[in-house]
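Working notes for the structure below.
First chain written, first letter: the chains are A, B and C, and each begins at residue 1.
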Amino acid sequence: MAPTDVNFGRASRTALKDQQLRANFRRAMDGLMSKRAVQFADPKEWHAMRALGASVRVRALSKLPELLEQLEANCTRNGITVHWASTTDEANAIVLKIMQDVNAKLAVKGKSMVSEEMHLNAFLEKHGIESLEADLGEYIVQLDHEMPSHIIMPAIHKNTKQIAHLFREKIKEAEYTEDVAQLTDLARRVLRKKFMNADVGISGVNAAVAETGTLCLVENEGNGRMVTTVPSVHIAVMGLEKVVEKLEDVPPVLSLLTRSATAQPITTYVNMITSPRKEGEKDGPREIHLVILDNGRSKIYADEELRHTLRCIRCGACMNHCPVYTRVGGHAFEAPYPGPIGSILVPQMEGLGKRGELPHACTMCNACVEICPVKIPIVEIMGRLRQEAVHPGDAVKDAGACASMAEALIWKGWAVMNSSPTTYRFATTIAAKLGNAAPASLPLLKEWTSVRSKPRFAGRTLHDLAREKGIPDA
Amino acid sequence: MQTKGPDNVYFFGTCLVDLFYPQAGMAGMELLKREGIRVVFPQGQSCCGQPAYNSGYRDEALKVARAQVALFTEDWPIVVPSGSCSGMIKTHYPDLFKGEPDEAQAVAVAGRTYELTQFLVHILNVKLEDKGEPVRITWHASCHAQREMGVLDEPKALLRQLANVELVELKREKECCGFGGTFAVRHPEISAAMVEDKVADIEGTGAKAVVSGDCGCLMNINGALDAGRKPVKGKHIAEFLMERIHGSH
Amino acid sequence: MPDARAAILSRLRASRDAHPMETVASDFTVLKEKRCSPAERLERIKQMMEAVHTEFIDASDQDWPTVVQAFLAKEGVRTLLYAPATEAGGRLASGWGEGGPELVRYDRTVDEFKEEMFTAIDAGITTTLGAIADTGSLVLWPSADEPRLLSLVPHMHVALLKADALYDTFWQVMTENRWAQGMPTNALLISGPSKTADIEQTLAYGVHGPKRLVVVVIK
């Protein structure tokens, strides 16, 4: 199910033609932005919280190897089995073995972006295991055989009518209804049966605490608690960067996460899991497995500048505020992580050869930088990846894959022209006199003039006018 | 903040102003000169280097940036009629020149760079008298001006001084217009969608003109306004202010 | 996979040692400063939780079992799952009158009566460790005697909250009570009945967890 032929240009053009999609996204992003603003209405508190959040994440990254070891030691001591996977193939194999060891036929899943990275559901299905998404948004996109289009609100691209039709079509006992309460109730009935009967529950991890060996999960629906409590086996998958050092680091991170993601001071449930069912306890899984996934993160960690990508707490605020994401939606990115974080993370995970265009899916407006709760220098990293895409090097997978002799020469020429007053004057004089005659069909001008008039060169430049007016040169 | 201005300032016009909006550059310099400042326009200037920098060609950007830095030999403020170009110099030159032999000069230049309205409001505290006819306008806040140079209210503070100017705010004043430098030609359809929304927002205000501090934005918005045969015109704030204080509009 | 573990850790260590990261000390002042007066705490908790459809009823330390029974009977609740081995469970059972919901004992593992729990239990009752004013959240520490499914599977969750067990922030309750020294199998914050906004951002209550959360404030 992993797309092999990704093309952001093509996918975004398709998305732009879908007026319903554009309307859905515009409305949804507007709502998310204004609600978030209410949560962070006090600028002093916002600045203090994000400074704290950034310091917690940076501290964790600064000690990453030690904290992962500490996490493993404490989890193990608590009875949680820890597994390590360098690649998504390894992670999938680990999950499969755990499931085959208990003869699992049905898994129920909480929302996990890492599991999307792994294409876990498709993998399990290939091996005859049903993996059912239990988060309502994920359940909806799974019914429609789609990828989520947003990391927090997976079905944000659909409106109620579309969901009503989908349920009627795909759920056996469903009658057609556009009443949200009824649709929700239907999902509740269907999924509760599954929670009861599932062999294995799969979840992600919002924050793993090294100090205590605790896995923290946030959610509103209750499916996360269901999948981590009812089945006798719980498998948690996490990216290796999701560890925090101390238990006290959790409240600020969760506060920033929930307020940035869904504009809630807190989610309905905060679930902190430290061990499987102990002797004498009456419920909970008998086995808990934690799968720690690399999948390119250790390479990202190797670079001093790029490693700050790993601060991300997956709140989704960046995509909510991104004018490009708002226009094209999540599917245009053809990746588990869309929007600004996707444009910097996915090329580093999958390589610039396949994903070299994503860092250019950005006007560098900095709206994302302004609201990132852990102060990731997103636009700086975007620029760095643009550079890596066209220059060979070791820092990023497939660096230089987008290098073009023609483009390089153009910029070299541009540099020559602009670094000498004489050549600059020569070039601008010509442009000023002849530029307006350039046909609109020229490359670059063609793209520009598809919706705009050609820019008009002024007959005389500012240099000319300043000189004529006698403005001093020194 | 000094309330009395400096004796001399450099003016860095920017390449877009140079080629497409030289009148905005002249207006910017005039606004400074009428406060009694000696404005110096080094003829050797060209471009801040941002186009190459944002396209991933740092070496080429550095080559051009260093040629600019070399021009500003005196310890005078550098005033720029653009949020994105002043942002490039102020926030990116220190990083671009890191480890370079002229790093110290570049950092010094960055430290003395101002966006035009910033300089007019905070350093010069200019007072403007409106001699023009009543007009309704709206303001487009360029992304780099807001988010790299921290210019938020300064332009509107200047516009609000004009008694006959009715300033109506855009519904999405802070949203990117879709220019993004090479983005406009690299992803023209997305850029088009963004500028179309901006134009609709502008039309919704009933304004006769949209004023902005950035010529990249203006080129983009004006191009779309013109192609759509809209009666609204986009103007650089320097030009607009000069027209109002001379009553020429 | 021991290979993966060693490979990952050595890569991370080498990268970090080659380029150590500068850190800034974490300043928790902003959390420490989120305080309200004891009198305001309960008011704020009620306000925040009621905003997300939580229900509150008042009771005293003497009469809460009667209050709970009367409430549940009025709401047509037929079965109430409870923890018989806890002090509160004992009080509930001994204070339970004639009529009203049938008390069901959670005194065996869930595996022995899972289907019944999912299909034939209307409400579950638990104690709480307290509540948090900043976020409007109950704190639960399930135990061997008071299992966690009590607050998840039944369609209604009744939570007993002592009016003097109130905290200002999540950070405060965890640091004051030194949670880091020993976490239970499962610790929970619960801030309302279950909900979702996944269908066109329209709020709907009662998705997978309880549809109703009833907090009994015991003064």
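Following the convention adopted for this analysis, a contact is a pair of C-beta atoms (placed from the backbone, for glycine too) under 8 Å apart; a residue touches a chain by one contact, two chains touch by 3 or more.
Since this is a predicted model, take the numbers as computed values, not measurements.
**Q** Going by C-alpha centres, which chain would you call the most central?
**A** A
**Q** Given the contact rule stated at the top, which pair of chains has the most C-beta pairs in contact?
**A** Of all chain pairs, the one joined by the most C-beta contacts is A-C.
**Q** Just grab the chain with the largest centre-to-centre distance to chain B, centres being mean Cα coordinates.
**A** Centroid comparison gives C as the farthest chain from chain B.
**Q** Round to the nearest whole Å and give the separation of the Cα centres of chain B and chain C.
**A** Comparing mean C-alpha positions, chain C is 54 Å from chain B.
**Q** How far is the middle of chain A from the middle of chain C, if each middle is the mean of its Cα atoms, in Å?
**A** About 30 Å, centre to centre.
**Q** Using mean CA coordinates as chain centres, what's the chain A-chain B distance in Å?
**A** Roughly 33 Å separates the two chain centres.
**Q** Quick one: in the complex, what on chain A touches chain B?
**A** 9, 12-13, 16, 22, 323-324, 327-328, 360-367, 369-370, 380, 383, 385-391, 408, 411-412, 414-415, 417-421, 424, 428, 431-432, 435, 444, 447-458, 460-467, 469, 471-474
**Q** Report the residues of chain A in contact with chain C in the complex, numbered from low to high.
**A** Where chain A meets chain C, its residues are 24, 28, 31-32, 45, 48-49, 51-52, 54-56, 58-59, 61-62, 64-65, 68-69, 83-86, 90, 94, 134-137, 140, 153-156, 158-160, 163, 180-181, 183-185, 187-188, 191-192, 195-196, 211-212, 214, 220-223, 225-226, 229-230, 232, 240, 246-252, 254-255, 262, 265-278, 280-284, 292, 294, 298-299, 301-304, 307.
**Q** Under the definition above, what is the set of chain B residues touching chain A in their complex?
**A** Going through chain B, the ones touching chain A are 11, 13, 15, 17-23, 25-26, 29, 38-47, 49, 51-61, 63-64, 66-67, 73, 95, 143-144, 147-148, 174-176, 178-196, 219-220, 222-224, 226-227.
**Q** Which bits of chain C are touching chain A when the two form their complex?
**A** Touch list, chain C to chain A: 1, 4-5, 7-9, 11-16, 18-31, 48, 52, 106-111, 114-115, 118, 134-137, 143-144, 147-149, 152-153, 169-171, 174-175, 179-180, 183-202, 204-210.
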